[in-house]
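Each of the next two complexes has chain A plus one more chain, namely chain B in the first and chain C in the second.
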Partner chain A sequence: MSASRWRRAMQGGFQQPALQLPARSQPAGSSPASAGGVETDPYAESNAPRWLKFLWRHLSARHVLIFLFLLAYPFVATPFFTFQVAAQSLVLGLIALSLTFLGGYGGIVSLAQMSVAGVAGYSIAIFGVSSTPISLGWPWWVAVLVALFIACACATVVGWLSVRTEGIYTIMITLAFGVAFYYLVLQNYSLFNGFQGFQKVYPPDVFGLNWREPVPFYFLTLFWAMAGYLAVKWLVRTPFGIALQGVRDNPRRMEALGFNIVAHRVAAYAFGGLLAAIGGVLLVWYNGLITPGSINVGWQINILVIAVLGGMRHPIGAFLGSIVFVLLQTFAIDLIDRERFNLVIGIVFLAIVLFSTDGLLGLWDKLRTRMRHQTSDSVASTQRH
Partner chain B sequence: MKLTAKHWAWLLIGGPLLVFSIWAIADNTRLYFVTLLNGLTLAALYFIVASGFTLVFGLMRNVNLAHGSLYLLGGYVGFIVAEKTGWWILAVATGFLAAAILGLLMQVLILRHMQGQDMRQTMVTIGLSIVIADLLLWAFTAQVHQMDAPEWLHGPIRGLPLIKAYSAYRLSLLGFGVAIGIFLWWLLTRTRVGAMIRAGVDDRNMLAASGVNVNLVFAITFMLGAGLAGFGGVIGAVELSMVPGEDTRLLLASLIVVIVGGMGSVVGAALGAVILGLAETYGLAYAPTYSVVFTFVILILVLAFRPRGILGRPA
Partner chain C sequence: METKRTWIRSVTGAAVVAALTSMAWAQQAPVKIGVLATLEGPFAAGGADGMRGAELAIRERGGVVAGRKIEMIKASSNANPDVAVNAVRKLVEQDKVDIVVGPLSGGEGIAVKDYSKTQPNMTFINGGSGAQATTLVNPSTNFFRFNTEGAQWMVGLGQAAINKGYKRVMVIAEDYAFPYSQVQGFMTEFCKLGGRVPVKAWVPLGGKDYSSVIARIPKDVDALLVVLGGADAVNFLNQYEASGGDKPMMGGSITVSQDVLNYRGKRRDSLVGTISAGPYADSFDGADWKAFVSAYQKSFPVSSGGYPSPSLFALVYYTNMKAALDALDAVKGDLAGGQAKYRDALSKLELKMPTGTVRLDSNRQAIGTTFVTEVVKDAQGALTTRVLRKVDNVDQMLGLKKEEFQIGSRDIPNCP
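After this line comes the complex of A and B, so read on.
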């Protein structure tokens, strides 16, 4: 059997789910092929630090513009838009980013990400300060660290249990874990305070700033959202990230090459869990409370909706999706009844899934290629005449 | 060596259960047996709903996350019909039909066009479940609806040994579960359609290649699976109340039953339903605030030692 036939046979044995296609329309330079280490580095001569060279190579005008816009935004927008719209979008985007990372780069669609965020949220309420006597009242930084650790550990365990099965099973198993966790916090009063949950869980006053004020909170969320986004961007270019994408595309071949696919997937879960946990802590601080209602199945699915809405093959899709989601949520009142928000989001989600394989970004790509075809067609036709 | 490992597993699981049973019977005989019956009747309901889920999954590799919504839809439709006509049997039939027709529409209009794209189909069912749940909430509000049991199943049955009296309706659930089980067994092993479904579970492409209209088989199976959810909705509406959120509960139950029992296997669904039903009711009776923990533990144990479920086979 020739090498090419063998390769085809290996690939043919695996049907890739629609979402797990290799990223095809990422910005130049971040695609796995060029990150393989063979690219020529035009800045190899200069002895600037590596990260500076990296920035130089990948930064374009639109990145700088968007960054400046994000910095200036809270000083232009009203507090409502800063806090309710922007900060909420960034927090939800960060949680959705963990799913985008898992789904887009690991090929694992986990519905438990909101539950991981919920574990972090509940932990910070239990160990930190709230209006409920169950809270232990530890200093905020200890509580945050413990919360992140516990959530990461839970994500790892969920990952370890669910990666043993594949693809379509993962979504069922993670959903089952998520819903079971919801019922646990709903029924349990001694630790999770049941239906009432925890109220008055606020961010601490540090450096003389009240971090619950719209502008400081906006910058707090912006910092962590950027950190998460850049971390994902960086991680998918590391040897681990490349191997993870290999596992997504063809696990059997990766295993034959000597990669431990279970370990890669579990590590992906752990990293995704960290992102979700940071988002979870911020979400609790944003809402000022955590109840079973904030981690119910509706919210677990909302995270998926956000990630899919934006486009699961790009980290930025998570934030795009969350902005659309939050805007719809905020202004659905004006469109129709406030109670019917779920109907609106459900229909939007269905439309996106039915008509695009890669969310809004996919639609945008399609539109752009069509425009380009049309312009080139019209140019050709004018030339002919 | 393998035999001893198996023995150890039986001992490790069975031992504590036996100790618990002996203690519980000695402590309060009636409570133990009432809980046992409660668990089995709940298991019957879970089995009816989950068998539809597992049939669809086994044949089409389609995780229908709108299954809970179909359950709730069946319940509401049955409720209206029972209120208007007063015929309980008619309510059951229309509940079954309503869910079956909606399921058929889902399959023919949407899911058929994305065959083989597992993940996208699942996404679509998620979207549908959001929409259906919200439409039901719109139509029926968040009020708790409760259906009356039919005349001939009203009140308790008295004079039973050990437990004295037990709700006739709940006991009838057990009968329904067994009847559905026998019906499915008959359908799958004794009819032509059943043979096609079984063949499809084993190898879809081969079935299509041998000249069977696979799309028709898929449509029938999806209809049957959805209808079973609706049927479960009506008979569950008497015992559990109908309220938004029940769809999630039954979806979770179906998921766990199917994960524990083995995906795509009807016998596995029965086994999983019994395990989950018993775990839930015993948990609620003996450790109310931690009852979900038992569900967790079962799920984790099964996934850790039998990732494909107790009776699951590699896909």
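After this line comes the complex of A and C, so read on.
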């Protein structure tokens, strides 16, 4: 269910919105859509297994095409485009996805997502293997699990402390957490090795593959990016996700209905933290190092820029935003005088935000509406407005 | 009609393309040299001057080496190692450069050295970075450094401090590898000669507030050794003056560079008498040096953003770029066979520099000259430096035996 449809449902009286969804508790026979009258399920009568019906319902030709393109991409593109452009976009997109989830579905704008990623990154450097003597050298899978756990715990604590704030105050308090963590790692030498951080933090060799080679690393990031994307898509349709969107749109009403708002928001922080943590581990493996410069305020803002640039309305926005961001970061220097390339980046960001209220997704919507107007001066398009 | 015009256009287009390609084939393909410096972040000013230094070395040869045109491709970082590696990777894998010159700062240097191991057929030559570990710990066979590093730059300052009568010195330095090296270069000599360093204050890079450090300065020290760079040094000077400080200062190699000497604040005059050491001196009167300075001034007049006299970063980038070009000349522009011949020529190069001759040790690290200098005021009232002493053949071991040498850190060396 898209956010706008949800909003409409909320405004048009409380018509048991959960019923419009393929909720898992539904008995197989009764079509969930019939109650809401919004979606009709053409596969309701067939006897195919439920997961197959789920796929039929949600997959279209363009999904398959994009998936095939993503699979074929590293075999067509140069190693540079596979590693530095695509894999980096996927990793940053995954971190931005955690913010898109929090912001788009929970109404929480948290600037601490890069710091959560940084906690995971530093944890894997400290517990795993690096060229710095501080590292404990645990087996990689233990280090990864511990890193994810610590980062999730930190995200939950940040959520717990900032959950009672709204809007700009949430931004401020999460920014404060991020800056505090930056200065902690910058000035602490016994644990975080200060300004120099950790070098040579590489992914392990598993199944005889060097996972830092461009193609394996691309597929590693692709797997986790898709896992994160699908997890968000799935989660926002569960009762929890619906309730979270309810909390976003009208917390007082949800509270009156008996929902625990604080618990929902903290849980959202925890899930967002998990996404950011996975992204953080991948980011350290991508860079092969982590220093305070990898998690400074600039990067906290960059994650927000990526999320806003792509559009917060749909999880794909985070990845669209990160692709544009990485392409600009990499190639802007070729477009203009080398001392001034940050100007190009700024102008493009400004232009996108200026001409669209919802980043690239908003632009795409506008474009599609206009195309529809041109092809058929039809009733359908006017009905939409 | 329409189709005919299109056809004519495409034929013309094809002809032009064919002509251009054949012209390109007539000459030899240009040598692509990627140059990485910090055009953003805390060292942006130094990075821009580094670029000028590299450009100067190319202009000296008229943009041609061994009959091949030199194409310089600039890349930028912000002193963060991950950004530096991304930029170098783009130069190597996307822009397909033949040689990389860079990066500028210590942490970046180590990261780029690590990256160079994944590109064994490429040659990487340092830009300005001066971390000791780059060539001492896991050195890479295709990473060369023709500039001396942070610890080498401070050799001679310990003796000069003793000569000035400084017995107890407090160290105020930024908290990362390069200042550790600088402090080690000073202390190794200073402690051996009987000096004492009771307090070392490590401040974060890019910090704006030095009041807590200033409060910690003991009453009984004779002088301060300040190893801060660019804007940070200027900040410290302001705050130390405002708090009424009057201890004489000694500077690190990037503290008393043109960045600070061009500073127009009140503390300016109290800088006179500051001793420091570094790989060059404005006032060195060697003929080659004077020629170098005037070439720099002619190429980059102050009106177009250049400094009155080349900064440290201009010199080190010039040094490394000149080494890259001299070795190219020695192999007649032949980079075939994974550049093995070229790297061999680099290792054997005796680089004639404006400051003296530079050669490489077995880790491909420069053995070169260091100058001990003192800040003086010239006739026009501009601050400049005066050479107290020129130390030749400074190597990375600082006069210690290989067994007793340890890389500098917060606690090494130590003589409270």
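One rule holds in what follows: the second predicted complex is superposed on the first by the 317 of 385 C-alpha atoms of A that agree within 3 Å, B and C clash if a C-alpha of one lies under 4 Å from a C-alpha of the other, contacts with A are read in each partner's own complex, and residues count from 1 in each chain.
One rule holds in what follows: a contact is a pair of C-beta atoms (placed from the backbone, for glycine too) under 8 Å apart; a residue touches a chain by one contact, two chains touch by 3 or more.
Bear in mind the structure is a predicted one, so any value in this text is a computation, not a measurement.
In the superposition on chain A, contact is made by A:K200 with chain C only, not with chain B. Once the two complexes are overlaid on the shared chain, A:Q187 sits against chain B and chain C alike. Looking at the shared chain after the overlay, A:R164 reaches chain B, while chain C stays out of its contact range.
In the superposition on chain A, A:T78 contacts chain C only, with no contact to chain B. When the two complexes are superposed, the chain touching more residues of chain A, out of chain B and chain C, is B.
After overlaying the two complexes on the shared chain, residue contacts for A:T291 are found with chain C alone; chain B is out of touch.
In the superposed model, A:I345 lies in contact with chain B only, and not with chain C.
Shared interface residues of chain A, touching chain B in one complex and chain C in the other, are 183, 187, 189, 339, 342. Against chain C, in their complex, chain A makes its touches with residues 78-80, 83-84, 88, 131, 183, 186-187, 189, 194-197, 199-200, 287-291, 293-294, 329-330, 333, 338-339, 341-342. Those residues of chain B lying in contact with chain A across their complex are 61, 63, 65, 110, 114, 116-120, 122-124, 126-128, 130-131, 133-135, 137-138, 248, 251-252, 255-256, 258-259, 263, 288-293, 295-296, 299-300, 303-304, 307-308.
On the side of chain C, the complex with chain A involves touching residues 39-40, 48, 74-76, 78-83, 85-86, 89-90, 93-94, 107, 110-111, 114, 138, 174-177, 204-205, 410.
Within the complex, the chain A residues that touch chain B are 15, 17-20, 109, 161-162, 164-165, 167-169, 171-173, 175-177, 179-180, 183-184, 187-190, 296-297, 301, 304-305, 308, 339-340, 342-343, 345-347, 349-350, 353-354, 357.
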